[in-house]
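Just below is one structure, and these are the notes that go with it.
To keep things simple, chains are lettered A, B and C as they appear, and every chain counts its residues starting from 1.
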Amino acid sequence: METQGLVEVKNLNYAYGERKVLEDICATFRPGMVCGLLGPNGSGKTTLLKNMAALLEADKNTVYVNGMDIKTLAVSQLAKEISVVPQNSYIEFDFSVFDIVMMGRTPYIRRFAQESSTDVEIVQWAMKTARIEHLAERSIKSISGGELQRVIIARALAQKSNIILLDEPVSQLDISHQLSIMETVRDLAHEHGLTIVVVLHDLNLAAEFCDTLYLLKDGEIVCGGVPKEVLTYERIEQVYQIVCLVYENPVSQKPHIIPVHSR
Amino acid sequence: MSSFGNRKFIKPVFILSILGVILLAITSLFLGTANIRFPDVFRILLSYLPGLKGRIPLDGISDSTISIVIKLRLPRVILALLSGAGLAAVGSTMQSLFRNPMAEPGLLGISSGAGLGATIAIVIGFGDSIFGLGTTAIAAFIGALVTVLIVYNISRTGSRLSQTVLILAGIAISFMNSAVIQLLMIFRRDRMDYIMMWTMGSFSTAGWNKIFILLPFLVIGLTLIFIHTRHLNVISTGEETAKSLGIEVERTKKILLAVCSVVTAATVATSGIIGFVGLIIPHVLRLLVGSDQKSLMPFSVVGGAAFLVICDTLARIVAPPAEIPVGAITAVFGSPFFIALLIRSKRSVM
Amino acid sequence: MKKVLSLSLILVLCVVILTGCNYDGKITQENAPEPKPTSTSTPTSNSDPTIEEDLAYPMQFTDDRGNVTTFEKEPERVISLSPNITEVIYALGQGEKLVGRTAFCDYPQDVQSAVVVGDFIEWNFETILSLEPDVVFASSLNTEENEKKLKDLGINIVYLTQTESFDSAYEIIGMTGRVLNAEEESKQIIEDMKQRVAAVVDAVKGADRPSVYYVVGYGEYGDYTATGETFVASLLDMAGGDNIAADITGWVYSLEKLMEEDPYFILCSEEAKTAFQQTNGYKELTAVKEGRIYAIDDNIIVRQGPRLAMGLEEIAKILHPECFD
């Protein structure tokens, strides 16, 4: 199972009605790697992520997990392969943190069965990995945004899938939460061997934490590769329509972008 | 919310509350406009227990007294229990399904549809009854289901159901139904009182026939709801989340909406429109036991049953010999209680 | 004050309208003035249809709904769920048997001693059962569901249809008399009523027929009147009036039409009279301006009971004072 978690997107086209959002997307996501999806608003990042999670359905068979077309998988089977951390995790009703993380076990618990001790163990492991053990009995309504994001990540972990898709997991958090959550996410790939696909807005965070990047513009992939290759100032200028400077971060040797002004 | 810490107390509390409802139901059998001595009620009830039949002497108790207890109060209490359980379970289900604490059994136009069906039957005035149910009840049942089907078809795009359209279509159809009811009342002023009394709901004509008609709907409906409590929890945190957690959301939604519609329609058809139970009972209990449907749903069922038994008992005894429509009681006595709880929970959050 | 008046008006309206409505129209009324003994059957007398006095108990009685009730003995405890039947029971001299009534049963004064068991629509079944009635009289005012429930409880229920015909009162009086073993008395009442009706019809014969409007409801609550298909309209007709609403059906009318027709006489209840005259629109009517609006007790013209003949007389005296000097 360790080697599982390969996601391939082959010639994906997607349109909301008449409006084309994704055009001929080809991408590969490998286990043990954090892959970032970058691009301006409306470039199709979230749509791509939702297609990979089968939350949206393209017309043709285009997304493959371990070589299997995701359309041939039952919803519950797919949930064992792919977990999603959505952009907006607002929850109307007050559940306890433990309850929410336990929901990650849904694809494994049969309809009439109770949670087993294995389920409880996995939930505890997930909470520990996401560093929210101390919140277990708290109400989901009483915790901070950063804590909520960790709870949702723990729920994704509890799904015990090999692939986790995260949609802007840190965009609404302060800088310390941004770093600590991204560190947790990186550990999931590097130490637990998961395939991580993460949509990000912050180019510097992406450069710092992602092993590979895809840069999207108007529904097409402009370029893909390691951060150093992708995040050149010409390309950023072209995609985001801004003037910027690109330095090398002296600590990590990753590219560091300083926006100057818009064009 | 502090209640999470009490997770392990939930089971004993639940058992206690079931005992409480049984006690409440029995107490209700002792109360009424007819002045029957408590020991007499006791003897009558004992004599009807299986195994004790014929062994308890009933001398000195008139036939009419026995009839009052066995044929009036008993079916009435049972029908109130069943209706309350059904309406509260439906309300709880709909609140989770729509992720909206304002959702209630009448949301999709079910009640107004039943009202329109009943109104048409009252205005036309068919004479016969089928399966021991009056034509008004049958017309109400049909009216409720037709309305839901219309609402459902309006909000369906392909195999998906749009939440917002569903609620809006329900509200729009409810307004239309109410308008037609009012028009019919204007043209048939002579039937107006009957229509108004019907729409306020009452258990006064409760009988075993109604219980046996409602029971199968309720048993099947509640079973399906209880099977889905875990899924309901997940759906209540978001539809896309639920799908990514391996739940066939659209199918589950359809099953549960169908169950909710049929149970509500059956309840409304047998007892008229009884508002408020489906809205406040799940809500109040949510404040007390939390939102986890695995515990909220059973508590809603028990709480709804208890609430309607209390309300119906009040309806019988507060203004003798007049009977107050139970729908009026649920609102008059329920709202202040509800508001008090809301204020309390607001304080605890602040 | 206006509010109180309006409320009482609505109450009266309810009584009036409910009394006038036809529940299911199953009974087709012929215009034969004779109360028909065939509408009930007493098996013991089947062999000899002329025997009507001296009803032997047990007696079988079939009511207007087809309910067959067997009375083992003369009913001693009676509940009436309709004001007109309550009046009949008292007129038959059986008032002391009445143990239960509706809140609307207010005539004669003595009814106060009977327990109120509900109104037309909501009945308190516990109270009814605990009164242990031998028979319960119901009418077109009550709901079928309630009747069914009462039957299920094993209570003898006798249902007397009120049709939109003056003769319906005779039917009701005759049948009530038969159930209560007071057939002689009922015949007397009917005979007396018929004589008084004949006298009125005779007195107004040949006189002019002034146009008349009977106010059931008015103003912000909507205009309601007794149109041609109602039995109240037949009273107006027999009293020598020309009901301006005779050519329409139902109970709904309109102010515009009322002003267009501008009737010579207006009849309304005592409670409504003052307010009616002061309401915009209505105060422009010729009958109001010239003081030809008369109050009349609704209960004597809408309840199909023994006082109906008196109601007819009162109307006739208003419309044709010259004929009753």
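As a convention for this text, a residue touches a chain if its C-beta (ideal position, glycine included) is under 8 Å from a C-beta of that chain, and two chains touch if they have at least 3 such contacts.
Predicted, not measured: the structure shown is a model, and the values here were computed from it.
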Taking mean CA positions as centres, which chain lies farthest from subunit C? A
If I average the Cα coordinates per chain and compare with the overall Cα mean, which chain comes out closest? B
How many angstrom lie between the centres of subunit B and subunit C, each centre taken as the mean Cα position? 39
I'd like to verify one number: the distance from the centre of subunit A to the centre of subunit C, where each centre is the average of its C-alpha atoms, in whole angstrom. 80
Roughly how many whole angstrom separate the Cα centroids of subunit A and subunit B? 44
Indicate the residues of subunit A shared as contacts by at least two other chains. none
Would you please write down the residue numbers of subunit C that are in contact with two or more other chains? none
Footprint of subunit A on subunit B - complex, ascending: 1, 4-5, 96, 99-101, 227, 230-231, 233-234, 236-238, 240-241, 243-248, 286, 290-292
In their complex, what parts of subunit B are in touch with subunit C? 32-36, 62, 64-65, 67-68, 71-73, 125, 127, 129, 134, 136, 186-191, 193-194, 197, 202, 204-205, 207, 316, 320-323, 325
Complex contacts: residues of subunit C adjacent to subunit B: 13-14, 17-18, 20-21, 23-24, 26, 103, 115-127, 129-130, 132, 143-146, 148-149, 152-154, 217, 222, 224, 250-252
For the subunit A and subunit B complex, residues of the former touching the latter: 50, 53-55, 75-80, 82-84, 86, 89, 91-96, 99-100, 103-104, 106-107, 109, 111-112, 137-139, 141-142, 159
